[in-house]
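Same chain, two partners: chain A is paired with chain B first, then with chain C.
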Partner chain A sequence: MLRAVFRLTATGARSLTRSRPCYSAPLAFRCYSHGKVETDEEFDSRWVTYFSKPDLDAWELRKGMNTLIGYDLVPEPKILDSALRACRRLNDLASAIRILEAVKDKAGPHKDIYPYLIQELKPTLAELGISTPEELGIDKL
Partner chain B sequence: MSLPKPVMRGLLAKRLRFHLPIAFTLALTAAIAFKYTVTEPRKRAYADFYKQYDAVKDFNAMREAGVFESVQPTGK
Partner chain C sequence: MLRLTTGRVGSLLARRATAMVPGVMIYGGRNAHSDMSQPMYWDRADIPLPDKPYKDVLTDADKSLKQKEKGPWGQLTKEEKIALYRLSFCQTFPEMKQKTAEWKTVIGGVFFFLGFTGLVVWWQRVYVYPPRPRTFEDEWQAQQIKRMLDMRVNPIQGFSNKWDYEKGQWK
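Moving on to the complex of A and B:
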């Protein structure tokens, strides 16, 4: 009898894990069955707007970045561009470089993401005078 | 040579969708295997031992061996 219960809960758990990632495109957090699901574009523009605030302070920059890093995604180049410009307004070069390190780490085993991001951000990095961790030699342990 | 845009969202979800069912299956298999290779033989061994076990005979053997304090061997 215990064996039957065991098998039942196990298959139940497995079907639950298969059905739980219900949205493949939008954000993988907050799987509501009710409520509107935010599209990727809405999410991106929300974050671009957040970092574009002219009087964003250092705390809000750090808070924003930490929250963004907590999501199951690598931020889009336009979000990172907005964040790097916020760093420029705050005269915070350290955070700018740290942002680059963070997104590289977020990509994890997917080694094609970071080079793409650097390619997309190259004009911004040149304009703002931000060196990449690779250029500074701090990407090696 | 411009790099194409890679997939940047839902990478963890994709990984979990693949690995979690495997993890659950393996864990379940390990538990079932342990049950049938260890616990069931053990239970059977105990049951078989006690099926023909004579407690009184065993007690008397121990008594003659002189290991008790409360009762002496029948000789004394």
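Moving on to the complex of A and C:
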């Protein structure tokens, strides 16, 4: 029980900054006494697989997205790509835009994460025809 | 002046009664949420996709827009995309994260009640407190100090030590 108090959230380190050389993200670290530690790649691929399910329904999309946003991390572009494609399969543009807003909010004070995400997602956004909140002007009050 | 403060207090109480869940914005009127057994809509930063879309009842224009949504999204205009967003969601993230002026009401309410308490204490002092004991009078206090010095209270390091007995004054 005491260990739980000192447990560092591995997810805090799992931001996409590991793809950029200029940041040094601390290694994911959980004080388990037993049990396997899930690597960042395993986490990412698990979520990409989740959203890639061809017959994903609207509830599963919402549940997945809300759970993902509940974690202490900003999702990798590939997870978001998979989620946006799921929105396309469900014909839900509003949710796609909402997802972009949500990850921008998740980045919090780190203002350079969101532009990086958009840059990485540009091909997908162009392919699917998703406008960013900035392009629609709803990022301002 | 009094009516202003009661109004502020009244609004503070009303707000406290309805906005019990932190971080949740109650859309529409205060009576909008009546059936909590149905999926509900929230504007929450940590639940970006709520259980149901904001607008359930779609007009014909909305329905045709929804049909168009099934095609390529590149063909939708900006206004149509915004309209689709607003069908599903009430507030955008910047709108829901707006700062309110609630803190002014809170501080005002705090000061108001502090002031009221001050008035209560004042009334108590006038009508409830017993008469002040004699021992507070300056003359009594002087005589008390003289008695303590005569008794040599704490003569080594304490009270009487600080009195210069030759000169008859404090050291």
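By our rule, the second predicted complex is superposed on the first by the 110 of 141 C-alpha atoms of A that agree within 3 Å, B and C clash if a C-alpha of one lies under 4 Å from a C-alpha of the other, contacts with A are read in each partner's own complex, and residues count from 1 in each chain.
Simple rule for what comes next: a residue touches a chain if its C-beta (ideal position, glycine included) is under 8 Å from a C-beta of that chain, and two chains touch if they have at least 3 such contacts.
Quick caveat: nothing in here was measured; it's all calculated off a predicted structure.
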{"item": "Which superposed partner A:Asn91 touches (first chain B, second chain C, both, neither)", "value": "second"}
{"item": "Contacts of A:Ser131 with chain B and chain C, given as first, second, both or neither", "value": "second"}
{"item": "First, second, both or neither for A:Ile99, with chain B first and chain C second", "value": "second"}
{"item": "Partner chain in contact with A:Ile113 - chain B first, chain C second, else both or neither", "value": "first"}
{"item": "Which superposed partner A:Met65 touches (first chain B, second chain C, both, neither)", "value": "second"}
{"item": "Chain A partner contacts - residues on chain C that touch it in the complex", "value": "45-51, 53, 69-70, 72-76, 78, 81-82, 84-85, 87-89, 92-95, 97-98"}
{"item": "Chain A-facing residues of chain B, complex", "value": "2-13, 16-17, 20-21, 24-25, 28, 31"}
{"item": "Chain B-facing residues of chain A, complex", "value": "6, 10, 13-14, 17-18, 21, 24-25, 27-28, 40, 72-76, 107-108, 110, 112-113, 115-116, 119"}
{"item": "Chain A - residues contacting chain C, complex", "value": "61-62, 65-66, 69-70, 88, 91-95, 97-99, 101-102, 104-105, 128-131, 133, 135-141"}
